[in-house]
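Structures incoming, each one as structure tokens.
What follows is subunit A paired twice: with subunit B in the first complex and subunit C in the second.
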Partner chain A sequence: MADESGGIMKLMAEYDRRYVYLILFLVVTIPLLSPIGMPISVSPDTRQYYGILQQVQPGDKVFFTLNTEFSGYNEIQSGIIATMRVLVEKNARICFGVAHVEATSIPELILKAVHDELEAKDYQYGRDYVILGYVMPNEAAVAAMAQDFQGSVTQDWLGRPIAGTFLDEIDDWQDWDLIADFTTGIQTTSLLNHFALRGTPMIVNCIGVMIPSQKPYVDTGVYLAILQSMRGGAELELLIGHPGPGLTAMDAFTFGHYMLILFIIIGNVGYLGYTRNAQRRAG
Partner chain B sequence: MAEILKNRQLQLVVMALSFLMVFLPYFLNIPALNTASTKLITITAIVTAFTVALAVIAQFRRGMNIINRRSRGWYFKVYMLVTLVLMLLFSLMGRESGPYHWVMYSVVNPLSSVNYGILAFYMASTCARAFRARNTKAMLLLLSGFIVLLYQAPLTGAFFPGIEPVALYLGDTFGFAAGRMFLISVTVGAIVFGVRVIMGNEPSVLGLGGEE
Partner chain C sequence: MTDIIEISVVAVGTFLAMSMFSTLYGKSNPLYVLAEESYIGFATGLTIIWNIDYIWKTGIVNIMGGDWVLIFSLILGAMMLFRVHPKYSYVARLPIAVVLGAQFGLSLRTIIFSGFTQQIQATIRPLFSGPTRTLLYNWTIVICVIFMLTFFFYTVEMEGLLGTSAKFGEYLLYIAFGAVFAQTFMGRLGLFVGFMQSYTIPDWETPYLIGSMLLVLGLVVYMDRAGLLEKLTPEE
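Let's look at the complex of A and B:
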């Protein structure tokens, strides 16, 4: 049987994908249910991002853009919440804008997560933060906000006028002190084109697959810093000393990566062994 | 009048003028041009918002056609139209609480999350099965991927800090070279496409497909 099928080497080279699914499920689920709290390292990118957040001054106007569907939110929520926490501690004034219909439900989750900090700092709607909702459906909308904010946005997400809020101080791209963008890639390029390239300071927290395409903008100075996916969020949580969903997930993150490495080794050992045996038989 | 509006030359002139109105203020500081450009962009944003309504109407017409013909999977269209109408009604009843809020938080968000989570299994399986050292190039790729994967596991960096400079070197050189190349190609392609559009060589943009 072993000879006919190619033996254990072939089994290792062509393992059933369901084994990967099953083991991945286990190595992710178990640490999530009972976290171990393994140590993690902090990357230079996260330190740079943290450094930019530390420069935020009280009263700074921050455009907090959620360029994500709800699905993507799960990957970057640790960075979103940790960033929000720092901004509140810095007494920044925050305006939420979203680029996807699903994201309209995210600000409520963020505000719930930092409820204690908001209470402690006596944050009030309108004076200190505003939720605009789905104001970035396309590039034209982003461009309009960059050039004539008051002309393009007049209400918040519940239809209440924004006149009388801190947004009265915003006329165009120059009036924002910082854009903190959290993205799966929807209108980030539009924000980059119409805000960051003109000179609005911008930082980005993106999902893993976007990192290679976004990192060059940090090198060129268009973005001030980048926070990489959930890992970056967890590192930021560590730096601000406030554990959250990111650090909780890092055990599963570590085990998931090690599992993948193990499967790659098994597959390659099997492949090399099997092809060598096949060559020997043929020769 | 309709014939005049359908005139290709006229459409190209309007398009070229619109382009210049938005493009030139980036280089010339002429207040009147800046104002006109801003107005044009705001008008575009508002007009584009109406396309959502247009999409809903089009989706309704298409869905009703499929349902009336009892085409394959017509019941999915019924489901889609019913949920579409329900969400519209729910949103009119308030968004901070009530049925819209419940649907968003208890149905849409969990389903969206599950959809994303499932991807992890496919990605892990593909990655584990695709990385095979079939030749020297594949071996080098495998080695680089191995180092980056090890570094990406947060625990590794905590115990073996020496891996960080190696992984960062791979990312900052080979990785970003490829990333920059991709970005530059896409941008150059977009510029070329834009120039072709303005020169009238891409008639499909104006709904004039087939004409050259």
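Let's look at the complex of A and C:
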């Protein structure tokens, strides 16, 4: 039987992938239900991001852009909420804009998550924050907002006029003190092209697959800082001393990575052993 | 205090999400089709509604405010709809041409910086000043870029020093691909962990998640064993 089937090595090389999925479900779910609290370190990138947030002054106008669908939000929500906490703590004035229809309800989730901080700082809609909703469907819309904000946006997400809010002070790209972009990649390049390259300060929290493509912009100074995926969000939570979804997810993250490494080793050892056995048998 | 609406949202959400994950079972099944079609329906509806809302806010409202030139954009947008009419579909070519032209115009002005010069600029680093760690990073980037670029010299014979450099560049590319794969896995795992977390926080949602997991797995396995998967799954 062992000779015919290739034995344990073949089993290691060709195991049913459904077991991998099943184990991944368990490996992720169990630590989420009972977190261990494994220690994490803070990367220089996150310290740089935190440093930029610390420079925000009371009354600064921050364009809080959600370039994400709902699935992507799950990955970067820790960074979004932690950033929002710092901005509220700094008394910044915040304008939410979204680039995907699925994200239109995300600003309310964020506001719900920082409800206590907003109340403590007496944040008022219009005076301190505005939700524009779906205002960045394409590059032309982003370019128009950079060039003539008042001409391209006149109402908030519920159809109320933005006249009379703090957005009266915004005419073009120069009037924003900071763009905090949270992205899976939808209109981030447009924001970069029409705001950051002109000189609007911009920080980015992106999903994991985008990090290699976004990092060069930090090195060249177009972005002031980058927060990397959920891991970056967890590190930011650690820095601001407010544990949230990022830190609780780190155990599941770590075990998920261990699992991947283990399966890569098992698969490769199995493949190597199986092919060598096959060659030996062939003579 | 959770109300019945919130509970219903979580119960339906977890069930549909787990049905979506049932594709990992490796066989087409009716639960996956139900979840997929539901998502497509909801997403299409949502997209239409929000885009109409966008047209209203940025187009109609501004036209009523006296910005008459926007009428042309509405006309062009309406012409785009002729795509669906077999006889008059050519009418849509004009707005498509305008959209493509405007998009190219906007992109070309800036993409040369963001997609080209900035990327090159990021590889030009100080090599003799700065902290040791930064110097190490900078040297690594510069050397790797040079070796990798030689791998892409197609018009010269790869021999001698150039051949060695290209070979070394090839191995560096393998390392880079490995790093990108790891980043991709981290990203995908992040999406998955984030999703699972959205149904484990707050605590009261967890039973619905676990229940949906077991229910969907049980149903799919039962249908598979009973030979019902093919029978109940609609054809694509």
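To be clear about the criterion, the second predicted complex is superposed on the first by the 283 of 283 C-alpha atoms of A that agree within 3 Å, B and C clash if a C-alpha of one lies under 4 Å from a C-alpha of the other, contacts with A are read in each partner's own complex, and residues count from 1 in each chain.
Basically, a residue touches a chain if its C-beta (ideal position, glycine included) is under 8 Å from a C-beta of that chain, and two chains touch if they have at least 3 such contacts.
Since the structure is predicted, the reported quantities are computational estimates derived from the model, not experimental observations.
A.B. asks: Using the touch definition from the top, say if A:S71 reaches subunit B (first), subunit C (second), both or neither.
C.D. replies: Both: A:S71 reaches subunit B and subunit C.
A.B. asks: Applying the document's definition of touch, where does A:Y258 land relative to subunit B and subunit C: first, second, both, or neither?
C.D. replies: A:Y258: touches subunit B, not subunit C.
A.B. asks: Just subunit B (first), just subunit C (second), both, or neither: which does A:R231 touch?
C.D. replies: In the superposition, A:R231 touches subunit B and subunit C alike.
A.B. asks: Quick one: is A:A120 in contact with subunit B, with subunit C, with both, or with neither? Answer first, second, both or neither.
C.D. replies: Neither partner.
A.B. asks: Tell me which partner A:L26 touches in the superposition: subunit B (first), subunit C (second), both or neither.
C.D. replies: After superposing on A, A:L26 lies clear of both subunit B and subunit C.
A.B. asks: Would you sort A:V222 into first (subunit B), second (subunit C), both or neither based on which partner it touches?
C.D. replies: Second partner only.
A.B. asks: Applying the document's definition of touch, where does A:Q147 land relative to subunit B and subunit C: first, second, both, or neither?
C.D. replies: first
A.B. asks: Using the superposition on chain A described above, determine whether A:P212 touches subunit B (first), subunit C (second), both, or neither.
C.D. replies: both
A.B. asks: Mind working out whether A:Y271 is in touch with subunit B, subunit C, both or neither, as first, second, both or neither?
C.D. replies: First partner only.
A.B. asks: Going by the contact definition given at the top, which residues of subunit A touch subunit B in one complex and subunit C in the other?
C.D. replies: The answer is residues 17, 21, 24-25, 28, 71-72, 74-75, 102, 104, 137-138, 140-141, 143, 151-152, 212, 215-216, 219, 231, 253, 256-257, 260 of subunit A.
A.B. asks: For the complex, which residues does subunit A have touching subunit B?
C.D. replies: 17, 20-21, 24-25, 28, 38-41, 43-44, 69-72, 74-75, 102, 104-105, 137-138, 140-141, 143-144, 147-148, 151-152, 157-158, 212-213, 215-216, 219, 231, 234-235, 250, 253-254, 256-261, 263-264, 267-268, 271-272
A.B. asks: Along subunit C, where are the residues that touch subunit A in the complex?
C.D. replies: Subunit C residues touching subunit A: 24-26, 43, 46-47, 49-51, 53-54, 57-58, 61-62, 65, 67, 102-103, 106-107, 109-111, 113-114, 118-119, 121-123, 179-180, 183-198, 200-201, 206, 209-210, 213.
A.B. asks: Which bits of subunit A are touching subunit C when the two form their complex?
C.D. replies: Touching subunit C: residues 17-18, 21, 24-25, 28-29, 32-33, 71-77, 101-102, 104, 133-135, 137-141, 143, 151-155, 159, 189, 192-194, 197, 207-212, 215-217, 219-220, 222, 229-231, 245, 248-249, 252-253, 256-257, 260 of subunit A.
A.B. asks: Which of the residues in subunit B come into contact with subunit A in the complex?
C.D. replies: 22, 34, 37-39, 41-42, 44-45, 48-49, 52, 95-96, 101, 104-105, 108-109, 112-113, 115-117, 120-121, 124-125, 127-129, 131-134, 142, 145-146, 149-150, 152-159, 161, 164, 168, 171, 175-176, 178-180, 182-183
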